[in-house]
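Quick heads-up: structures coming right below.
The same chain A turns up in both complexes below, where it pairs with chain B and then with chain C.
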Partner chain A sequence: MTSWVRLTLPAALAASISSPSYAVQYLTIDAAKKLAFPSASRFVENGGLTWKAQAGDRLLGLFVVDHVIGKHLYIDYAVALDTSGRVMRVDILQYRESYGGEVREPGWLAQFVGKTSSSPLKVGSDIRNISGATLSSLHITEGVKRILATYGSHSR
Partner chain B sequence: MEATRVSIRRARPLLGTFVEIAASGQSLDAAEAAVEAAFSAVATVHSLMSFHEPGSDVSRLNRGAGSGAIRVHHWTCQVLEVACDLNSRSGGIFDISVAPALQKLGLLPKVPEVSAPSNGGVIAREGACKQTEGLIPRSARLRARLEGRRLAGPCPGPSFETAARRNRLLPISTLQACRSRASPTSAGGLLGIRAELFHPLESSAGAIQLLPENRVRFADPSVKIDLGGIAKGFAVDRAVEALRRHGIAEGLVNAGGDLRGFGSPSHAVDIRDPREPSHPLCRVALRNAALASSAGLFDPVRSHRASASAVIDPATATPARSIIGATVCAGSCVIADALTKVVMNAGEAAAPLLEHYGSDALFVSASGVVHMTANWKNEVRLAA
Partner chain C sequence: MSCYRRCVLLPTRPSADLALPAGARRAAPHSTAILAALTATALGAGLAQAQDAGQERDKPAPPASGQAALLKKLEQMEQRVRLLESRLKEKDAGELARAHAQAAVAAPPPADARPARDQPAKGQKDAEKKDAKQSNDRKEAGGAAKPDWAVLATRDITGKTAPTNPPNSIIGLTSSPVTGLSIGAYGEMMFGAMQNPAAGGQWQNGADIRRMVLLPTYAITDNIIFNAEIEWEHGGGAFDPDDKLHGEIDIEQLWIDFKIMDQFNWRAPGIDLIPIGYINEHHEPTAFYSVLRPELYNGLIPSTWMAPATSIYGRIAEGLYYTIQASSSLEDFGSDFSLRTDANTVPPFPTGYAPGIDGHNGLGFARPPIGDFRQLNNDIAVAGELSYSPPALPGFNGSVSAYFTPNTTPRGAYADNGTPLGRSSLTMFDAEFRYRLPNTGFEARGEYVLVDFGNPANLRANNDSDPTNNVGKTMYGYSGELAYHLPLGNILSSDWELVPFYRYTFQNAQTGGFAGTDLNMPTGAGQTQFHNVGIAVFPSPQLVLKATWQKVINRDPAGANSDSVLGGVGFFF
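On to the complex of A and B.
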C-alpha cells in the first residue's frame, strides 16, 4: 500500500532579481539555417537578421532571427518562411531564464553526477531539466505573428 | 566497443509551451531526422487536440458530437479511452468534460467556430489567457453535477490495457454498473480526506461514448471536452515513440515540464517550488520514466508568481485550492500528466490510484508541507 511521508518546508524564498540565470544554446544561426533549408546553396543577407534561402537563383524562402523577452532575459528564435509566406518551422536558438537555487546534500548530487558521467548522453547531468508550473510560449507566438506581418509578403 | 554517438538538443514552441527534445544517435543526420519526426508527432497531437484550433478533433467533437457520432484520429481515440478509464478509476476526479467550468473562469475561450481565422500555422494556447467570462452559460450537465448524487468509490473496472484496445465500444455500461455496485463505504478509500467535498457526478465516461472505427459521440450537446490535462503527456509519449522508431537509444522529451526520459542515463529534474516558481523545490532522479507537474500557470513575464491553477475540481467546478502543486512519476507521460490533476484534487487519497499505475507522487499544500509517496523519498532531494 502506498504510504506518504510529510516534510515541512521552510518559508518560500523571497524572489531575488539576482538569482542565477540559466541558459541553453540549442542551435547556432548557421546550424538553424541549414536545418530549415537543407537544399539551400546559399543564404543572401536581406537586412537585419534575415536571409533569403536560395538554391542557385531559385528562392526557397526567408529565414528570420528574432528575440522575445523571457523573464528578464531574451529568448532567441528563428523562423523559416516558405515562398508563399507560410511558417515552415520555428526553432528556439537560445533560451535564457532567471532560475536558480541550490539543492541540499551536495554529496548526493556528486554521486548522481558520477553515475551519469559514464553515459554517452549527458542529458541528465550537465543539463537542467525543469518541471513545474508550465511556462507559456505566448511571446514566441506573438513574435512569429509580428514576423509574418513584417516579412510574410516579402518571402516571395 | 561502443559506437560513437552524437547528442543533440532542440527546442520549439509547441503545445503552448517550449518543447525540448534531446537525443543521442549514431550520426548528426540520424539524430536530427529522429528529432524532426518527434517534433512532428508533437505537432500532430497539438493539431488534433487543441481546444483553440477550430479544425482540431477536439473542436469538431465539441461542435458536433452531441448530435451525432464523429470520426476522429486514432490518437484522439486513445487519449479519450485513457481519459475515460481514469475518470472511472478516480471516481470522477479526473474529468476531461470540465471545459464549461474552465470557460466560466475565463481559462478557455468559447468553442471555436469553423470560420474562425487560422493563425497561420503558429501553434499556441494563448486563448487560455483571454477573458471570455460569460460566453458559455454553465451547462445543464454541470449544474446537474453540482446538485448531483453522491459518488460511489473506485471500482475494479476493466484494466487500462483492456480499455486501450481500440475499435470497440468502451464498456461504459460496465463501468456504470460497476460504480453503482460499489459499496457506499468504499467512498472513503479514494476520496478520503476530501470526501465531504464531493457531490458529483455524472462521469465523463457516461457522457463520452467511444464507438467502433474511432467514432465518438457525446451524450448530449452540452458536453464539452478539453484535453489540456492529458494531451501534453500523450504528445511526449508519441515523441518518445518516434525517437525510438528512428533508432534512438537514449533521449529525453520535455514539453513544458511534462517529460519522459528513456535509455540508460538517469536524468536530474528540478521541480519548481509552486510558491516561488523561479526556485527549485527539489531535484528528482528520473530513469526510463515520465514525470509531470501541475501548478499555477507560470507567466514569467507578467509575474514571477504562479497565478491561479487551471486544475478544476469537478465536484465544485472551481480551481483546486488546498494543494498548490503536484508532481507524478509514472511509466508513461500520459498517465503522469493525468494523475497530477487527480493528486491536485485528492491529495493523499490518490494513493490507491497511484499504486494501480505504479506511480509515485509529491504535492505541496498551501500550508507549505510536502507530501511524498514513501517509495520516492530516496529519489528526491529537497532544495535549500
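On to the complex of A and C.
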C-alpha cells in the first residue's frame, strides 16, 4: 500500500529540483511590473503604491500594488490596468498562508482579465470560488473590485 | 594694499568718495585744502584701482591663492546652477505642452478651461478645480470617461493611496496590535429536536454549544508560520454539579510551517489534521450545509481527526497539490482514558476494555491520544493526499487520499477468553469531489471511503463478548449531495445567499469477513442510510444559519431512532 508513496515522493523532489519557486515571495514588485508591461521603458510614481507605466512619453497603463488578508495573513498582489481602466493582469506577489494557495493558479487569476469597474466581481457568479480557499478568493476579488472602483474607468 | 577683495566692491567707492568733498567743504576753511588734497589722492587711487580691477577681469585667472580659487569656483557654480534651472524650466514647459496635447486628444476640454491651464503656478489650483468640475460634468453626461490618471496627466493625485483591506484580524473585530499576529475564530451552536435512541427513539428538545475554537496564527517570519487551534467543545469542562459542563477543552492543532518553496514545504512535528477527505481539514461550519457534519466524517473518518504528526506538502503542477504525512497510529482502544495503565497498556486481563474500532461507531473511538506520551503502541502511520483543480474543468475540485498504519492493536491487547490479540494493519482510501458549475448556482459533491483491516481476528470488537458490534474485513461508505446557490440580494449592508441542499449517505460498517472469538450476530445497525434535506443561509461568507431535517434508516429491526430536526448558527472569522 505504500508503493504509491514511494512513487509520489521522488516525483515531488524531482519537480522541486527542476524548477524551484521559493515560497511566500513569489514575485518582486519590479518583476511583476515587467510581466504586466513588458514594453514599458519607465514607471512613474503616481502616489500610494501605484505607478504609471510609460513607453517613453506614451502612457501604457497603471500598476497597482495592494494587500488583503487571506484567512489570517496578508496576501500581497498587483493589478495592472490599461488606459481605459480595464484589468490586464493580476499577480500574487506574496502568499504567506499555509492553506488556500490555489488562488495563485494562473487559471483562476485569468478570470480578472478584462474586468472593469462596472463588472460584478462576485465570487460564485462571475468569479469562481475555490473550495479550500474560500476566504482568500473572496478577499482578492474584493480587493480587485476596490482597485477598479478607485482607478478604473468611470463608465456607467 | 591688496585689492583682490576690494576690487569687487570698489565700484561704489568713487561715488561715495565724490560725496565726501561736498560734505568736507562745510568743515573749517583751513582744512578744506587738506581734505581736498586727500580726496584727490583717494580719488586718484580709487580710479587707479578701478582700472586695475578692470584689467584684472580681462586677464586670465591668476594662479591659486586660496581665496582666489574659492571665489572662482563659487562663480562657476552659480553660473552652472543658473544654466540647470533654465534647462529644467524648458523641460517642464515641453512636458506640459506634450501633456496638454495628449489630454487635448484624449478628451478635449471646453474652451474656457484652456486659458486656465496656461496660467502660472498660483493659478494652477483653480485650473485643477475647474478641470475636476468639467470632468465630472462629462461623466454625468453619460459618456465612458477615462480613468483620472490616464486623462489628466498633470493632475497630482498623490495622497490617494492604494486601497487596503482593513485588517480586522482579531476575531474579525479589530486590528491586530502585533504585526503578523492574527486570531481567528470559528464556532457552531445547534438546537432543535432529536430522537434519542437510548430512550427508545423518543423525540427530545435540546441545544448544544457544539464548539468554539480560537485560531491564533503568527507569522514569525514571512516563511515561518505558527498556527494553533484551541477548542472548547460542548461548552467546556467542569466538575462542580452546579456548572453542568461535560465538554472538553483541547488543542486541536498546533504546528509550525516552514515555507521553503512552491513544491516543498515542511510542517514541523505538532498536532495536525490527518489529510483524508475534504471535511476533516475544512471542518468549519461554513464549509458544509447541514447542521451536523457530513455522516462519513463521524465514523468512517473520525473527524476531527488530529494526531501528533509531521508532514511535507507543496504544489506539483498547476492545480495539483500534495501532502505526505507521518503520524501517531490509530489505536483499537475505546475505554475511558483513565483505564489505560501507567505502563501504557490496556487494563490487564480479565478487566476487559472497549474497542476503538467497532461495527456501530466505525473508527470514532480510535483516535490516538495527543498528550503525555500515553499512546498505546509504537506504530507510525503514513498518509498522503493529492488534491486537484484541473485547469481544463473550472469549478471542479477533487482529492484522493490514503492512510496506512502497520498496526492498531494496543499493548497487552487480549480477547475476553484471555487469548492475546496480535497485530492488525489498517488502510483507508478516500476519493471526493466538489463541483460548482461555472456561472450558475449549481453545486454537486460526492465522496467514497473504504477502510480495510489487515487482520479482523485481532480487532477487539470481534473478541469482546459482544456479538452485535463485530467488524468484517472492510467498512465503506459513499455520499452524494446537490445544492443550489441563490443570491438573496443586499440586506443589512451585506450580500446574502441561500443554499438549499439534499444529501444522501450510505455507510456499511459491518461487512462480511468476520473473524474472531465472538459470536457473530450483527443486528443490521451497521448498515445505515442518511437523508439530509435543509437550507443554509449565508448572511456573509463568514456566517451561516442552518436548518436541516435528517432521516436515519438502518437494518436494525428496532429502527435507527435517530431522526432529527435541527437549526444551527455557525461562524468563521
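Throughout what follows, the second predicted complex is superposed on the first by the 90 of 156 C-alpha atoms of A that agree within 3 Å, B and C clash if a C-alpha of one lies under 4 Å from a C-alpha of the other, contacts with A are read in each partner's own complex, and residues count from 1 in each chain.
To be clear about the criterion, a residue touches a chain if its C-beta (ideal position, glycine included) is under 8 Å from a C-beta of that chain, and two chains touch if they have at least 3 such contacts.
Note that the structure is a prediction, hence the values are computed from the model and not measured.
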### Query
Of the partners chain B and chain C, which touch A:G47 in the superposed model: first, second, both, neither?
second
### Query
Touch check for A:R128: first (chain B), second (chain C), both, or neither?
both
### Task
Would you sort A:S136 into first (chain B), second (chain C), both or neither based on which partner it touches?
first
### Task
Figure out whether A:L35 sits in contact with chain B (first) or chain C (second), or with both, or with neither.
first
### Query
After superposition on the shared chain, which partner residues are touched by A:S98: those of chain B (first), chain C (second), both, or neither?
both
#### Entry: Which superposed partner A:V24 touches (first chain B, second chain C, both, neither)
both
### Message
On the A-aligned overlay, A:V87 touches which partner chain: chain B = first, chain C = second, or both, or neither?
### Response
first
### Query
Where does A:Y151 make contact in the superposed view: on chain B (first), on chain C (second), on both, or on neither?
second
#### Entry: Which superposed partner A:I69 touches (first chain B, second chain C, both, neither)
both
### Query
Which residues would you name on chain A as touching chain B in one complex and chain C in the other?
1-2, 4-5, 8-9, 11-13, 15, 19, 24, 26, 69, 71, 97-99, 101-102, 105, 122-125, 128-132, 134-135, 138-139, 142, 152
### Summary
Touching chain A in the complex, chain B uses residues 2, 5, 7, 9-14, 16-18, 20, 22, 24, 32, 119-126, 129, 250-252, 254, 256-259, 261, 263-286, 291-293, 295-301, 304-306, 325, 327, 348, 351-352, 354-355, 364, 368-375, 377, 381-384
### Query
chain C touches which residues of chain A in the complex?
1-2, 4-5, 8-9, 11-13, 15-16, 19-26, 46-50, 52, 57, 59, 61-62, 64-69, 71-74, 81, 83-85, 94, 96-99, 101-102, 105-107, 122-126, 128-132, 134-135, 138-139, 142-143, 146-147, 149-156
### For the chain A and chain B complex, residues of the former touching the latter
1-9, 11-13, 15, 19, 24, 26-27, 35, 69-71, 77, 86-87, 89-92, 95, 97-105, 108-109, 112, 115-116, 119-125, 127-142, 144-145, 148, 152
### Message
Which stretch or stretches of chain C touch chain A in the complex?
### Response
95, 98, 102, 139, 142, 144-150, 153, 156-165, 167, 169, 180, 182-184, 215, 217, 219, 222-223, 225, 227, 257, 259-265, 267, 278, 281-282, 286-287, 312, 314-319, 321-322, 324, 382, 384, 386-387, 389, 391, 394-395, 397, 402, 404, 427, 434, 436, 438-439, 441, 485, 487, 495, 497, 541-542
